[in-house]
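Chains here go by letter, A, B, C, D, E and F, matching the order in which they are written, and residues are numbered from 1 within each.
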Amino acid sequence: MADNWLSTLLTDTPQEGYDLAVLMVRTAVKMTQADPAVRGELRAVYGKDADALIAVSTVVAAHFQTVAAANNYWRV
Amino acid sequence: MADNWLSTLLTDTPQEGYDLAVLMVRTAVKMTQADPAVRGELRAVYGKDADALIAVSTVVAAHFQTVAAANNYWRV
Amino acid sequence: MADNWLSTLLTDTPQEGYDLAVLMVRTAVKMTQADPAVRGELRAVYGKDADALIAVSTVVAAHFQTVAAANNYWRV
Amino acid sequence: MADNWLSTLLTDTPQEGYDLAVLMVRTAVKMTQADPAVRGELRAVYGKDADALIAVSTVVAAHFQTVAAANNYWRV
Amino acid sequence: MADNWLSTLLTDTPQEGYDLAVLMVRTAVKMTQADPAVRGELRAVYGKDADALIAVSTVVAAHFQTVAAANNYWRV
Amino acid sequence: MADNWLSTLLTDTPQEGYDLAVLMVRTAVKMTQADPAVRGELRAVYGKDADALIAVSTVVAAHFQTVAAANNYWRV
């Protein structure tokens, strides 16, 4: 994990904000399970598990709420 | 996934905002499981699973909170 | 599903707002599982499943947060 | 369920707000499962199920967020 | 449960706010399962169950959001 | 657990805010299960459990929402 992976919540577009939310979920997983081999196995499992896919979406949604608020919802 | 699928959170009506929230959930799933064949199988499963249907609703609700705030709740 | 089922988030009372939140959950389920027969079977199952009943309540609560904010919490 | 069970989100104290949040959870359950006998059986089950007890707490917390915001957090 | 257990959401420090959030979770559990003996058994179970421990954390986080907002995040 | 582990929600950067959110989750777990040996066993389990890893991410996301709001999203 890069030393400096989250220097700002501001993005140019909602889509970049969404990508940031996805990155934030992945980083949380890395901070809990540091071993990339174990993470690789887990990803193979949950990629085929509807419940896990939906659960990941829930976390993305929560981070996107934060990022969107930070950007004032990208209103002009 | 289109290169530019989320250019704005602003919609004309709450209903269009709700549709956008549904799209955002689907995109999160695509970003986690890129293979459309696997996604198709999963959809067949969770479409008949009450727990999964409810879980999907949870994520839609979270994204709708964001979209609604972005639109100032479509107050006139 | 009616073409125009969500034209506003504004309601006269908190209770009507709560009813709207329930409607929003039901619509999310419909958008994921379009077949009313399958939905009917699922409802029979989750109506007797404490976990599912509680999970539905969670989604209602999330939508009610949105509706309540839209209505400035019905403060006079 | 009384016809008029949620006429306001305003309460005098945080504790009354908390009680209102609990009421809102119970009402959501009633709206999903109308039969009091079935609800009674379910309550007997989830009252002894740690996961269900915690899940109920989650919904109470979500409604309390709404009620607390409505009351400006009971700041004087 | 004391008659008057939640008279204010205001605390002097974030840490006291966190403690209050924990108290609010415990109280929700008490309101659902009034029997302390049953609660004791459940606590023994979920104290050794990773999923339940995480679930409790979720509810604490939700209440802490409310308490933190009430205190304007303890900004000076 | 240090006596004074949460004296402020303010951090210099989003990344430090994220680290604080992770700390808040760990503290909630400690307050529910005080025995470090039991926590160690549980961590070994959920570190290899995709569902638990995702669930931890959910709680981190909730606390990060709070911390980010406290810091006005680190907007300059």
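Things worth noting here:
Definition applied: a contact is a pair of C-beta atoms (placed from the backbone, for glycine too) under 8 Å apart; a residue touches a chain by one contact, two chains touch by 3 or more.
Remember, it's a predicted structure, so these values are computed and weren't measured experimentally.
Shared contact partners of subunit A and subunit E, listed by label: F.
At the subunit E-subunit F interface, residue numbers used by both copies make up under half of all numbers present, so the two copies contact each other through mostly different positions. Annotation: 27 Å between the Cα-based centres of subunit C and subunit E. A straight line joining the Cα centres of subunit D and subunit E is 16 Å long.
With each centre defined as the average position of its C-alpha atoms, the distance from subunit A to subunit D rounds to 31 Å.
Among the residues of subunit C, those in touch with two or more other chains are 46, 49, 51, 55-56, 58, 62, 65, 69. Taken as a contact graph, the chains are arranged in a single closed ring, with each chain touching exactly two others.
Starting at subunit A and stepping first to subunit F, the chains sit round the ring in this order: A, F, E, D, C, B. Subunit B contributes residues 4-10, 24-25, 27-29, 31-33, 38, 42-43, 45-46, 49, 51-52, 55-56, 58-59, 62-63, 65-66, 69-70 to its touches with subunit A in the complex. Listed in rising order, the residues of subunit E touching subunit F in the complex are 13-15, 18, 22, 46-51, 53-58, 60-62, 64-65, 68-69, 73-75.
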